[in-house]
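One chain, subunit A, appears in both complexes that follow, with subunit B as partner in the first and subunit C in the second.
Then we have the complex of A and B:
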């Protein structure tokens, strides 16, 4: 009886809060029509928080810079989705209540797939910095990506390995409970087949078994693989590098953009990554002025080197700025009006950012830009 | 040769599960509660040792001691704040609190130390024992982990069976009410159990990260669950059972990966667990306690 009372009181409380929040959102929209409201969801807590926080910080830096330039002004807000599809939709709805006019979609692919459907329904334009699965853009004409779609990474990697004749026998280890990793693997395998690359060993792991790789490495070693393709994030890759070293197995290692970040892991022995190759759109060690300024600013504010997620988010804001300026967008337009302008701009414009120059977008929302081949030498990325 | 290689990999992985399982099983055996936050105390232990040795250049041994002290205190505080007020509550309430505590620790660690992964420097030192002209190697971490496991196991069994406090622990485990009537301070006995369990967690954390050096706020979560499985497998509450269950689980996992499929390894591990529990519901070394009515 007492329990029921408590629950009832709590529910009344929540409802009251909901009403207040609703009012707050509506009111703010009328007051602050000077800036276009840009919102995004991403994991700010939980295991994937490193990506969400990077996006938030990268975008905040860009918003500050863009607003200082004059012209279109942005107001940016990020809501936590804890890398969970259901929470992402709630976070998206909270942003909608806040008055979001343009969306940065979601940071990671699984939530991104869920919010993309909402973006499509609500006709709110989305440019995701880093949700790279094809399911994010598929069937949604107003959802665009700043990062490479997974299949493009897989086929580009296979192409690169074949073109440069890096190996005759290739081994692959991928994470089969992760759409990013398995998506890249599938297109890699298809393209490798077409190009006559010989994949001699394919093994997998999951989040749950992400500590011991001896069996997978032994399999690749026994099959005589002289190049190991690792479509995964750097945390797992760092364990593979160290365990391969312990086993005395030294093939060439080839990673994808998730490998970026390995050198900045605190306590990581950079010697292990010596000679690791990867295709990545962004390198924090690049020596162009814009990258240098961004890296310096990020380090000053957050005490760490930005990864490609931060750079993708930074580029998203600049790309939106460019599109808004070109289209003459203003803050008092509705989300739907902006949506139509953005769709037109993004399918016609060319964008130069930190993560690639001369980027263009297909009508499906996938980006075309040239990935850079990088190799790690003496603890820094060097262009190949 | 490949068989031996896989066997050694299995034992290495299993010894890590075993050392975590010891803490789980000891707390369960005496306090009769599943401390799901155990895996996260392990993570805290690893972080403390990481900061002591890598950031501040402390001697590894001192780092381990420091992390044991911190974890013991943490264990006592958690017990006092989260579990003790629920001593009379149903077991389910305590279980949910433990899960909540687990998330609380993970998120606090993330706030304090950020979510970016850190690479733990092995306290044992890199290197391995080479056999058959280097065709096989057993890393020092594995050797040390197994040794430490056995030492802890013997020490715990002796402590529980031979000392006065151990006796009161056994009494509390059998019947809290009766133990209280016999003049045993049930509360402090359970608190002590938690303190010991948390100190063991610190050692487990350091060894876990020495073997698999990725340190993130969720580092302890999955090994914690696997170790819990190992403890059930070996017979929860049984200290030697935790050791055997842990090592067997590691070997089964690696063999399933090597000889059947890397995709299905977890499914196979848990299928084996289900079969064992069907045949022997109390686990490999679990004792069947008949309830007297």
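Then we have the complex of A and C:
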């Protein structure tokens, strides 16, 4: 019993120390008023780490470039949320202690929904690079998206398939325990119905069953689907591609922006992805100067071709830079002052970035820009 | 002081636990009042309370009843989802968030208790590994059900459906949206309410353990055959402990869910069950105080390790292993005991019985 008392005392001391350490962090805010502190949360570890890391790297490159331009200076910090809402709120609070003035929200949707509520509550402006669910922006006037919202992706995909007459019979496989995948599927199905696309096979899978797709593929094959729509992340898609190949089933494959990253996936035979089409706002092989420079820089630093998440993050920083310059924002402003300025700027400005030119934002925080259709040829994305 | 001395050992130990929780609460409240608390810690206060309640309620099943349950997060999930739906309904008519939260907790607790009975009746006839396996499966079933559940609220009332969203609603809003989980949760959980819940649960558990029923439950744990031979009804006492534990987990779930604006079903998976079990095992089976401390430390720890960035979880694992070894190591225990004795005797007399330490 005595021992427990000692532990209890030590524990209280431990907690008190932690709190004091926390205060130290908070107090530093006033000293470094030379750069606006931009923070974001994302999965830097775990299954979705590829997105968090891409965002972190893309944003870091942009921050370096922007700071070299002069004018408003940024300081960027990313905290790990392991793709979990609870950890994302913790990470967000850690960033607040660090003195975050503008937020990049979260990289993925479920954490993004949780941190968006915090952003709204604390009046810290957020521009998320890639949290695409509508729940992220819904009801929050100061949370904006750089990527397309999920419903837009679904309807744009259906539109694209119908306009280009890519298929007569469409099969869909989607992940029904995933916000992103089921969100896109729902709007895809509605829009496809309106456009008269013939969906002959709809099958689902979950996180626990994403190792075997033979049943789903067989269903699509029997139904005679000549195009398979795969609104999912690349990890599951890569298995579908290889299992379809094993079965000797070769429809056209059509993905969404989550498919991005499939070419750099370890252990995946990139040849299988030949001919896969996807709708994504960014292509690493575009020949404008800015994209070229960004891709070269990213490859030099990290040894891989940047995906759309990196480009979205890069654009986020530039969009914030443009907004801060226009509004005359300075580093000594509080988060709340910046919030008001940013909200005004983002609803009125037009932004040209890597992921689309002439992008504008609605008051609800959703972006308007044109998606590009891409097809994988010889291991690289080529515009369609 | 005399009163303290005359109390029996258990009562005194319980009082120390209550006191510890109250002191921690007062310290934190003081820090909030003076604004010297970091946002990081402040944001974790409610989750800590929820995890503490989870830990002590699981300790009732694992430590007091002596049955290994690996599906505790399932009860948390059942409570969280039903409680939040209830909170959304109540908040249309009741403005006071505290009352809404209390009502939601009651609903969440009752639903989790009902689920506890449904699971407990067939399952508690098993024991040991078999029970662990079935509770594990139960946790997954709850997750699967909630993940395919759609609940909407409009002027006409609540609408339910499973698997595919076929709700025909007249305006209104979605409360549970299948895999997207709870959306637009009213954030009514507060640290004070968390503290009250912890105290209530501690009170219930301590009084249960010291009652006739509690002794029957512990007798079952220690020797089932002997307990049966003196006429203790095995199933009903097992069920009692199991259901109380489930109800508390349900209430913790409501507290947890109403602290975040969104909660998904996959949050309450086997990992969360194991995490809570780790709190219990590390804190000591049957020791409520240990569970509270372990739950607090292990919830705060990953956040404190943020400066290690990507090595964070590695360091976390190492700290966990070190803690496990240290708390079970005879040499360390003796050293700590000796230190404690030295510390407490010095106050009374300088003579010391250091020879013993």
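The rule is short, and it goes like this: the second predicted complex is superposed on the first by the 372 of 384 C-alpha atoms of A that agree within 3 Å, B and C clash if a C-alpha of one lies under 4 Å from a C-alpha of the other, contacts with A are read in each partner's own complex, and residues count from 1 in each chain.
The rule is short, and it goes like this: contacts are C-beta pairs under 8 Å (C-beta built on N, C-alpha and C of every residue); 3 or more make two chains touch, one makes a residue touch a chain.
Note that the structure is a prediction, hence the values are computed from the model and not measured.
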Superposition on subunit A - do subunit B and subunit C clash or fit: fit
Touched partner set for A:163, first subunit B, second subunit C, both or neither: neither
Touched partner set for A:182, first subunit B, second subunit C, both or neither: second
First, second, both or neither for A:271, with subunit B first and subunit C second: neither
Subunit B versus subunit C as contact partner of A:332, first or second or both or neither: neither
Touching partner for A:194 - first (subunit B), second (subunit C), both, neither: neither
Which of subunit B and subunit C A:45 touches, first, second, both or neither: both
Superposed model, subunit A: greater residue contact from subunit B or subunit C: C
Partner chain in contact with A:84 - subunit B first, subunit C second, else both or neither: second
Contacts of A:113 with subunit B and subunit C, given as first, second, both or neither: second
Partner chain in contact with A:209 - subunit B first, subunit C second, else both or neither: first
Lowest inter-chain C-alpha distance for subunit C and subunit B in the superposed arrangement, angstrom: 6
On subunit A, positions contacted by subunit B and by subunit C: 45, 176, 206-207
Subunit A residues within the subunit C interface of the complex: 1-8, 11-12, 14-16, 18-23, 25-26, 44-45, 79-80, 84-87, 89-94, 96-97, 110, 113-114, 116-117, 133, 135, 138-139, 176-179, 182-183, 186, 206-207
Subunit B - residues contacting subunit A, complex: 2, 5-6, 9, 12-13, 50, 54, 107, 110, 114-121, 126, 128, 134, 137, 139, 211-214, 216-218, 222-223, 226, 253-254, 257-258, 262-263, 265-266
For the subunit A and subunit B complex, residues of the former touching the latter: 45-50, 53, 176, 203-212, 214-216, 218-219, 222, 234-236, 238-239, 242, 246-248, 264-269, 304
Subunit C residues within the subunit A interface of the complex: 13, 16, 20, 23-24, 27, 31, 36-44, 47, 147-148, 165, 178-181, 183-184, 187, 260-267, 287, 289-290, 293, 296-297, 300, 302-304, 306, 309-310, 312-313, 333, 336-337, 339-341, 343-344
